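In order of appearance the chains are A, B, C, D, E and F, and numbering begins at 1 in each one.
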Amino acid sequence: MATDPRVKDADLPRLTDRIVATYDSVGTLHHLDHCPLPKYCDVVSAVQDLMEILYPGYRQREGLHRGNIGYYVGDLLDRLHDKLTKQIGRALQHEAQRLFEEGGDGVVGPCESREDYEALGQAKTMLFLDRLPELRETLATDVEAAFAGDPACKGADEVIFCYPGLEAVTVQRLAHLLYELNIPFIPRMMTEWAHGRTGIDIHPGATIGPYFFIDHGTGVVIGETCVIGSHVKLYQGVTLGALSFPTDDEGNLVRNTKRHPTIEDRVVVYANATILGGDTTVGHDSVIGSSVWLTKSVGAHSTIVIEKPKLRVRSDDTAASA
Amino acid sequence: MATDPRVKDADLPRLTDRIVATYDSVGTLHHLDHCPLPKYCDVVSAVQDLMEILYPGYRQREGLHRGNIGYYVGDLLDRLHDKLTKQIGRALQHEAQRLFEEGGDGVVGPCESREDYEALGQAKTMLFLDRLPELRETLATDVEAAFAGDPACKGADEVIFCYPGLEAVTVQRLAHLLYELNIPFIPRMMTEWAHGRTGIDIHPGATIGPYFFIDHGTGVVIGETCVIGSHVKLYQGVTLGALSFPTDDEGNLVRNTKRHPTIEDRVVVYANATILGGDTTVGHDSVIGSSVWLTKSVGAHSTIVIEKPKLRVRSDDTAASA
Amino acid sequence: MATDPRVKDADLPRLTDRIVATYDSVGTLHHLDHCPLPKYCDVVSAVQDLMEILYPGYRQREGLHRGNIGYYVGDLLDRLHDKLTKQIGRALQHEAQRLFEEGGDGVVGPCESREDYEALGQAKTMLFLDRLPELRETLATDVEAAFAGDPACKGADEVIFCYPGLEAVTVQRLAHLLYELNIPFIPRMMTEWAHGRTGIDIHPGATIGPYFFIDHGTGVVIGETCVIGSHVKLYQGVTLGALSFPTDDEGNLVRNTKRHPTIEDRVVVYANATILGGDTTVGHDSVIGSSVWLTKSVGAHSTIVIEKPKLRVRSDDTAASA
Amino acid sequence: MATDPRVKDADLPRLTDRIVATYDSVGTLHHLDHCPLPKYCDVVSAVQDLMEILYPGYRQREGLHRGNIGYYVGDLLDRLHDKLTKQIGRALQHEAQRLFEEGGDGVVGPCESREDYEALGQAKTMLFLDRLPELRETLATDVEAAFAGDPACKGADEVIFCYPGLEAVTVQRLAHLLYELNIPFIPRMMTEWAHGRTGIDIHPGATIGPYFFIDHGTGVVIGETCVIGSHVKLYQGVTLGALSFPTDDEGNLVRNTKRHPTIEDRVVVYANATILGGDTTVGHDSVIGSSVWLTKSVGAHSTIVIEKPKLRVRSDDTAASA
Amino acid sequence: MATDPRVKDADLPRLTDRIVATYDSVGTLHHLDHCPLPKYCDVVSAVQDLMEILYPGYRQREGLHRGNIGYYVGDLLDRLHDKLTKQIGRALQHEAQRLFEEGGDGVVGPCESREDYEALGQAKTMLFLDRLPELRETLATDVEAAFAGDPACKGADEVIFCYPGLEAVTVQRLAHLLYELNIPFIPRMMTEWAHGRTGIDIHPGATIGPYFFIDHGTGVVIGETCVIGSHVKLYQGVTLGALSFPTDDEGNLVRNTKRHPTIEDRVVVYANATILGGDTTVGHDSVIGSSVWLTKSVGAHSTIVIEKPKLRVRSDDTAASA
Amino acid sequence: MATDPRVKDADLPRLTDRIVATYDSVGTLHHLDHCPLPKYCDVVSAVQDLMEILYPGYRQREGLHRGNIGYYVGDLLDRLHDKLTKQIGRALQHEAQRLFEEGGDGVVGPCESREDYEALGQAKTMLFLDRLPELRETLATDVEAAFAGDPACKGADEVIFCYPGLEAVTVQRLAHLLYELNIPFIPRMMTEWAHGRTGIDIHPGATIGPYFFIDHGTGVVIGETCVIGSHVKLYQGVTLGALSFPTDDEGNLVRNTKRHPTIEDRVVVYANATILGGDTTVGHDSVIGSSVWLTKSVGAHSTIVIEKPKLRVRSDDTAASA
């Protein structure tokens, strides 16, 4: 016998006991509770359903046409309603429970009934779904911007099928609608799912105008309080971030301030540029060059590039790898 | 009852109608058409089959050996032939339809028969598959380059199993063969799939010599008209990109020009370096240091590093986060 | 008939023969052998089981509570024991076979019996699993660090659910335990899986203290011989890498040296900073600003930022895209 | 090593060759042909879709209501149209090919184009689907008959959920519609699928009136040319079969005659009764007792039972088992 | 184009409308309601979980042993509790709703809250699960009876693995426990599932003693009010059924009477025997021969066989087939 | 909260303990052992692979043709070899262990090494697979017999696709080959799987000649020591069984005798006939009529039918249902 059965009969039960003991001794890493969390795979499934409604005919269902699209979308929407109602209800109930345990708000009681939160979840779900027609209009401008901004692109189909930038922006726009409805957890789960797939990390709180285009995209980070105008174009590696967080007289972080920059209409930011700070505004029709590092506002129609760096013959210790 | 049935019985149908109406009013975001697009999951499945043929024994099928490999590959190739024939047929038909609707070419008619395009798809598929034996020879050089270039690497097995750089390059080499056969859509679907998995974005059009190695890889971008020699090595975050696009006298983009650099044999480009422009050539046996930003050609045997940046004590507003 | 049956009846068999011939003529790209490799999907499955044990109640199983957690974890651990025993046994056997074929060690014989390696695999598995209770304590510090380091974060649940940094660090800590047990292949398979999901590439060999936090994370690279203290915080795009590899008198790479930097306690490294070299130490309580490029040691309590780069109006050839 | 690799490397290929040789030498047991057969799992899937349309809300989709049923059925019907069109097209093409090879009809040519048969398949599919509204009316009578005929039954829900008799009859009624449209293969595939699930074997050709109820059902056999009136009720093990087949002067079977009995309205046939012969008619309002064996017609209002068999003390050799 | 898009664009929507109209006009064949039915696949899944608890180590989970069985069963039981609680709650709610709509009971109100019925479902679930230890003792006698009754049987493993009779009896014993708890729908769903798999149809209401063995089994039917003693053995095709149902003075069926026979201890009933009627008792230690047809009670130690039927040379019309 | 968490936290663990206790107190219903049993789903999968090899092109893989059949079958055979080797090794090891524990043979030792039994399993597997070419010749006669015996049948395709009789006979012929190789468990698992699907129960031990046809089939039982000649045809409900088992002077069952009948060449047995006893032989070219009950031998060319049963008007108590 290759493996030792005594290990399985005796040692594993002992190890199980030791691990289970840590669920009490190490307190913050488990969710052992009769009040359920949103289910990750159902949130992802809801995003995929939403993508299918927004861009019908591309990914999942083949053979859609004028004669069947109404049935397909109606059925999908019905399922989506149920899925979101349940998950949003869970998120709201969990948040209420958390606030109650923290005693943070005082007025918020513990979860009494799952059904009450499902009713609340349904109400928020309907407010969210109601925004979809309008959202499709905005997404059409994003597709148009990608097509206009990339000479290699042959049509809208290619953008919708292949461009990670559009995927990340679509998911963020959906998450942003939920964020505005004060739904906890789920918006961030959605944008982090897109982050994992595209390398583009846009916080659900960011406000983004129409005709937005991110090319290549890997490494892009856009912070929670960014405000981005229309016809803005970003390339890979761009950070729209915060400067170090201000503190008050007692040394505590000042929260709920605008920490991330404002990018006005028709700005282009080239690869790996870094723009930081809540008071930093890039005026409309400006161009920020590749690898620029900017922490101050610039006026409209500015073109900012870094000075050509001086290059020299390499000494032995400067080229690097990991 | 937790949720309100009236919402489901009445409000959802109304919302469905509003969404469906946007499929007419917002025109570019759907594919409602009896002429099918390539199916994303089948294209991905074809790539996985190709990986299995190129590197048998690593991912999917266990227990391959001299006695059964012929059966396995013969069977896999047969299925792959059918899968690619269908998808390439769809891509060609869709493109013909698109050109017809644009009136762009005049001579290209609408799709008459799915079978005609499947026949065309089969012909292209065979031309593509015919290149696989030769491709394995090139990939062997890539594996060798990874092994030689990373002192921590213990053997070819580890490269094939674990290195995202090899995965991205393999998919690009496959996509490039299809690109050369003028197959629309599918090459880009393939490289964007690899982009999502590895963070490495190589356009199918890029021409890449043997013994190519990308280490770590996240954030690498290689543009469509890049020409890369043999024994070239790149690190994470390297961009081989375009300068701003030239325009003609009427302000239109000049297309089909070489917009991305040429990297000659035995060049090493360290992390986060940026090399831009179609006229930029990095001469053979050169080294481009980490974070270098280069828009001019450099001769053979050059070693380019940035000047050590001056560092200073931080003022309050310069360290950043998002 | 749309497709030509003669192609399938005659040309595909010929092509199969040509491809199979390359499995002999092109030698390093296949695993055709009766001695099995670790199975990729089972290694991934083991990682997911480990995540479920470490953070119960978040991803896979719903409805865990004090009354059933012991059963659930005991059962999961039992399955995991078998899964890891088999995969680790395979990795050890494959490595022994490789060393035997290389003649590298002389004393290591070929694989005689699968059962012997499974017994060895079981022993290593038990040593590994035995570390899980302690590991949960360390991970609790990582969750706490994320919560403390991000003002937007509302609780441990959100960190565990959504933060790619925690996912990458958790997988690396698991892989590091296996790395310390000299298990080949599998640690790297694990960290590369996390790399693909998060864009964060941490070598299994890196030594990392408690309270470690990576925010956003895409593009982070941490090399094999890095030593990182406690309460360290990194942002996206940070490289902790090697300078060019030293060679001995005969031009061969000097191996097994410390090639990557040491980061002491309470250091913060902002986005896209690059710190290189095995002799480079960042002293405790230091701050390394965004985009800093550092190849020399700095003392404790240093704050290093780059000089504000000089910006100028863009000339036509310097803004870039790919 | 437990198993002998020489077997796999050498003996299995030899065995493969021997088996493949039998595909030529033993001719009738394979379908090696570029002209596809109907796909079994797609036919089964179509039956399941049809059950869902006929009895919505019971098996697959939960939460159907007045507000979403139209979307759900419309979408399902659209998918079903495509599925049946393809499979019926295949069945027609295969049959045409078979007839051509047999030279049976002379006028039927070989399959030229898959698309032509798909067009034909679509036409037959529409004729079939057009009958579904009417079919639901008939099935409602079957459900009512089951409810009325079984005092233990509490409602239509229980019949639809649990009664194998209803399942077998529903599938036969569907198959009979296809049989009337002269679609080869598929009707029999459907009824044999139901036979496997219920033990009830009803030929697609049988003509069955409304209010039909089979209780328990295992072992029931109903032949191709049976004609069954309305309000007929059968129990388990009933055979409505053929007498031995008549032959013509040359000893050949006389085909296309009515070989199976006629059962008029309101007849009850109890368990294990056997009624045989194309000229045998059971007049309306008759009762055929358990285990009766009948090969002659009986008039209306007849009640036929077997004489109470004489029972006696068992001799040693008569009780039996297998 | 092979298929006609006009059919899909116009005719299918029209057909959908016609079918949907039948959901109102043909009223008993749908469940369009916000009050859910038990879910078929979850009931089946619960049965499979119960089989795994009753006979651990045979079907689903491999590698069970003394060291892990407690974890495995504890975890399975926890999931099963949730699954049954939900499904039983649904069955109770649906039944209450049905009775309310029928006005049958007057005192039963409509479903107000899903949660109330889940609480009721949990209570019934616990009463049911509580019987499992005792049930295993009974099942052990059934396994022993099969082993003792079949000389070809080599051990308990073979009985548990292969004998459809044991499967059918196990499912009936489970369903009978639920039947005794007055749970609607689900017991019958369970026994009909077993009926479909084994051809053995035992009503959940039948009362069956220990050491019960059915050999071969196809076609066995055992009615709702049967009472079967211990050490009873049946062969294939045996019916323990009802005589025709008695009616009262007004011609209505008399319900809730004992309609099916009583079989006392140590009776053997050979293949295809039929025993009918609620007043029919087969005394203990009797043997009923193959094909016997019995509607009267027989005393203890009886051996009943049919007279050898007279056989004769076949006339042309008597051998039969279907 | 609908459900009571105290039940889950406290009562379920107590119940788990009680159930686990029965694994010791009720001893024969579990397999808690480090020595594995054959895995049911893998045995079923092996049967399906064998069906695919025997009848290629019908069920699973589409598009088989002369050009790819060799690859497909070679690959399938290779996988099947591994699957059967493992399962047969397990069956042999389990049987050896059982015999050792019973002390039945004395000379058979306990299982020492899984690898030894896998080697034995491989040897038996090869002997089994070696019979497949010859088996296809026999199956071709069965298909021919079905086609010749059913005037409604249009071709071999229909028989292979739809006829449960062929399925049951094919599985029995496979199981019989394993039975002849003295492989425990697995032959019976295979025939019981087919029994569940077709209602036809043929023991793996039965010896069956070529050109065998079972029509309809539900309820057919064929015992272990039956010997059936060539060109034999059976209808539904036929039992070829044992008379009551003879006992020796001490009242013990006499084992290993021929208990089931011999059916010579060209015999037809119509529906529901019962033929019993090891000494009973039905001479060649005989016909046994429907419902005949035969326990004595009959000579060649006999035609046996039952006398037409006397029928009479039904008295109130004789028609039956369950």
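As a convention for this text, a residue touches a chain if its C-beta (ideal position, glycine included) is under 8 Å from a C-beta of that chain, and two chains touch if they have at least 3 such contacts.
Given the structure is predicted, the values throughout are model-derived calculations rather than measurements.
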Farthest chain (mean CA position) relative to chain E: B
Most distant chain from chain D by Cα centroid: C
Chain centre separation (chain A, chain D; CA means) in Å: 53
Centre distance in Å when chain E and chain F are each reduced to the mean of their C-alpha atoms: 24
Rounded Å distance between chain C and chain D, as computed from the means of their C-alpha atoms: 57
Residues of chain A engaged with two or more neighbouring chains: 1-2, 5, 8, 12-13, 16, 34, 63, 65-68, 70-71, 73-74, 77-78, 113-115, 199, 203, 216, 218-219, 221, 236-237, 239, 241, 245, 271-272, 274, 276, 290, 295, 306, 308, 318-322
Chain F-facing residues of chain E, complex: 53-59, 62-66, 69-70, 73-74, 77-78, 81, 85, 89, 113-116, 118-119, 122, 126, 129-130, 132-133, 136-137, 139-140, 143-144, 151-152, 154-158, 160-164, 197-199, 203, 216, 218-219, 221-223, 236-237, 239-245, 260, 271-272, 274, 276-277, 290-291, 295, 306, 308-315, 318-322
Interface residues, chain F side, partner chain C - complex: 5, 8-10, 12-13, 16, 65-68, 71, 113-115
Sites on chain D touched by chain F in the complex: 1-4, 7-8, 11-13, 15-23, 26-34, 36-37, 39-40, 94, 98, 184-185, 188-189, 192, 195-196, 199, 201, 203, 215-216, 218-219, 221, 224, 235-237, 239, 241, 245, 253, 255, 268, 270-272, 274, 276, 287, 289-290, 292-295, 303-308, 316-322
Touch list for chain C against partner chain E, complex: 63, 67-68, 70-75, 77-78, 82
